[in-house]
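Multiple structures follow.
Shared between the two complexes below is subunit A, which has subunit B as its partner in the first and subunit C in the second.
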Partner chain A sequence: MSNKHITIFHGPQHPGITGNMSVELDLIGETIQKATTHVGYLHRGFEKLVERRTVIQAFTIVCRICVPEPDPNEANFAMAVEELAGLEVTPRAEYIRVMVLELSRLAAQFLWMAGQSGSIGLYAVGQWAIADRDLILDLFEELTGARVYHMYIYPGGVRRDLPEGFLGRVSTLLNYMKKRLKEYDDVFINNASFKNRAIGVGVISQEEAIANGYVGQVLRACGVEADVRKDAPYLVYESLDFKVPTQTAGDVYARALVRRAEMDQSVHILEQVVKMMPEGEVMIKMPTHRKFKLPKDDTWVKVESARGEFAYYMAGDGSEKIRRMQVRGPSLVHAYTLLESLLVGAELSDVALIMNSLGICPPEIER
Partner chain B sequence: MFSEIKNRFATDDVEVKRKGLYKVVVKHERLFALIVMLKEMYDYKTLNTITCTDWIEEGHFALTYIMTTLKRNETFMLQTMILREEAHTKSLSYLFKQAQIMERDLHEMYGIKFEGNENLKELSLENWVHTPPLRREFDTLEFVNNHLTFRDGRDDNIDTKAESKRLRAIKKAEKEAAKKAKESKKAEDVQ
Partner chain C sequence: MKWSVDIQGTLSPLKILGAFFQKPNTIAYPTVKKATATGYRGFHTNLLTDCIGCANCQDVCMNNAIDMVKTDQEYNAKNASQCIPRIDYGRCCWCSLCTDVCPPDSLKLEDDYINVTKYASDFLYMPKNKE
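And now, the complex of A and B:
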């Protein structure tokens, strides 16, 4: 192997990248000396766009901030608007929101599984995962009319009630998932190829994770039991029984184990939601619905997305437009502060593996 | 803790937004000492975000630093005002590593200089020489009209008001023509 120092770009057109971003790598041989993250391939200016729109017009674009996981954006947007305006949603709407968020979490974890397995060449797992994710998207299509961008969690509740027999179809899917997820353990999680590649790679310490504001599986795989659903419960999570899985190794494999265990927890939560779903209205009557005004005030709301804490800062100014909305997902800090340091000393072949384990969604950086 | 903040940093009362979410507005010159106190004495070890709101009418930016303690699951919003003109403040990157990228983001979007931050290079934009886009005076529509050209064959460049007026006129003419045809047919039938 030559010791010549070379610079290459990993992405934005690369199957191992998690979206529209690139990492500039300085290499000696195959060992990374320096990594620099670059974004800017998908800047759509959502935070600026919402300043020109009414609250209800802004609602239609927030789900597009993160493609693999649009629902936490909808939930945050709705919760921030409701908090500023002093609106209270009905119990049925809250349960339905939890159901949507957990189905969305499961779908996002399947997508992660496809990416993570693909990053080391286990393509069959990816095909299984995409097919199983599609079963969840079928339910979303029936419920919301859309497979990916649902525009369903609306300020004041949810856009429409459950179709007849919908909960039964969710139960059928959950029964299937309980059997199916075990098969993923055999072909992916316990697969020697994956273990050999993932154990001891991309290790993060607990102190570093807390100090630098890392979230989600990155934090939980270092032994920190942090989950917004438990720590600052929203909707009806307080009345639901679930665990926050953790690991201590802090490497790629530990993060995979946490994600896999979280899929079981999501199924468990969904089973409870199906049983406990109350009757009632799904949408409150909103005052001046189309020209709805937010008072001059600000707030910070957060939910636990499939990739960690996902938060919105929102400020109103007394008009019908939002003065400021800042989206703070895990990606900005994970793609810059974390990835740039974690890749130093790693091998070129591990870049996609490490990146996939961090839950980076570039569209959310360029919001 | 709340009374200590109020007395030591001469702030108004700490506002309890909801359970576990607090907010205080603090003078710019006292902000960093308050951040250090919260971090060192009250375990607010995590900086979640730094955000900026442009209050152009009042001539200032509201900078909000959001910090969390995982031990008690509490979040503090520390807000301070800085002048919009030649906006600048100190960098927090010596205290929190992640502040570096958050400040770089705000520098690009609002043009705020963070003294002590060594990398304030462009983040999402490329060769940007115009007003920082999240400042209120930056008009998205005007920018698009002045700097971008529409591709031929796309409907984007149609003046929608004029177009709907034209379509309404066509529809009206068709309706009137149909009415006339009906009337003349009726007259012929009578004859």
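And now, the complex of A and C:
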């Protein structure tokens, strides 16, 4: 290999990520000497747009903050408005929200699997994962009327009740998933080529993860059992039985194992939700649901997204508009602090692999 | 990077070959079409015998995709403004808030979502007069 120092741009379009983001890489041979993250390809100004709209108008744009999993945004938005406005959601709506969030988590993990396998050339796995994700999107289409941006979890409940026979169809899908996920173990997780590429690559220590505020699978793959659903339960997660999978190696493979185990846990949670789904209303009665007036107060709410802790800060000022909303997702710290340090010393061919394992979603950085 | 011999890890991915004997997940579009789910958020419909021309839909639309227009169609007698909504599908995000806030429930979304045209002006869509 030559010792010539070259600089290349990885991205903004590449298999390592869902969305547009580039990494400027300084290389000697194939080894990365310095990595600099560049964002700015997707700025839509969500936080500022929200300030100019009434509450229900803002509701329709928050889901666009993350394409692979829009529902944690909707849940956070609804929970923040409910907390400020003093609304209490019905039990059925809470269970439906959990169902939507877990289905969305499962869909997001399939999308991750497609990206992760694609980043090392296992394209058949990616096609399987996208096809299986589509089965979940079919359920979303039936439940919410939309496949990707659901705009379904609304302040005060959810917008529609479950269609007839829907829980049966969810159960059928879960039975299929239980069998199907084992096939992914054979062709992807236990695949020697994936193991050889992923083990020992992109290693993060537990101390570093805690000190820098890394979340989600990045933190859990370092042996820290941190999950908002357990640590600060919201909706009905407290009454559901599930485990928080962890690993200790802190590398790309450990993160993949954590994600794969989480898919099993999501299926387990969904099975419980299907069994425990209560009867009742899905939306509380509000005389003028077009006119939310948030009091002069602020709040901080958070949920566990498929990529880690996802939080919203929201402040009202007594008007129909939200004075300030801030989105705190895992991507910013993962794409800057973590990715830039993790790529130093890595091979060029591992960039997409490492990047995909961190769960970075660029629109969430440029909210 | 260290490479080691992993017999099980080398052989187990070969199970993917079994997929050759399975039915494909894809459909032969356009000869076979997948039915849209009931309640899919497609194009707007507006039952003119019910529409009261209140412009709530226009008011709530954050994308300014709806404007109230006069047409030569026959309106509901209670339609005070004598205007009905027209949707700009260049702006609409199919959030369906307009249908949520419609007092007589005349504005709805149908399952159909395909509009093929060579004219940009066709993005301005008059909802079909049906339930």
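One rule holds for everything that comes next: the second predicted complex is superposed on the first by the 362 of 367 C-alpha atoms of A that agree within 3 Å, B and C clash if a C-alpha of one lies under 4 Å from a C-alpha of the other, contacts with A are read in each partner's own complex, and residues count from 1 in each chain.
Criterion: contacts are C-beta pairs under 8 Å (C-beta built on N, C-alpha and C of every residue); 3 or more make two chains touch, one makes a residue touch a chain.
The structure presented is a predicted model; accordingly, all values stated were derived computationally and were not measured.
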Partner chain(s) touched by A:Val39 [first = subunit B, second = subunit C, both, neither]: first
Which superposed partner A:Leu25 touches (first subunit B, second subunit C, both, neither): neither
Touching partner for A:Ala226 - first (subunit B), second (subunit C), both, neither: first
Contacts of A:Val258 with subunit B and subunit C, given as first, second, both or neither: neither
Partner chain in contact with A:Tyr336 - subunit B first, subunit C second, else both or neither: first
Footprint overlap on subunit A, where subunit B in one structure and subunit C in the other make contact: none
Footprint of subunit B on subunit A - complex, ascending: 39-40, 43, 45, 47-49, 51-52, 83, 210-213, 224, 226, 231-232, 298-300, 309, 311, 313, 315, 323-324, 326, 328, 332-333, 336-337, 365-366
Residue ranges of subunit B touching subunit A (in the complex, touch as defined): 17-18, 20-21, 23, 45-49, 51-54, 62, 64, 66, 70, 73, 75, 77, 96-98, 100-102, 105, 109, 122-126, 133-134, 136, 138, 140-141
Touching residues (chain side subunit A, partner subunit C) in the complex: 53, 56-58, 60-61, 124-125, 128, 131, 134, 138, 141-142, 145-146, 149, 151, 159-160, 163, 183, 185-188, 190-193, 195-197, 200-201, 289-290, 347
Contact set on subunit C toward subunit A in their complex: 1-4, 6, 8-10, 12-13, 15-16, 19, 25-26, 36-41, 56, 60, 62, 93-97, 100-101, 109
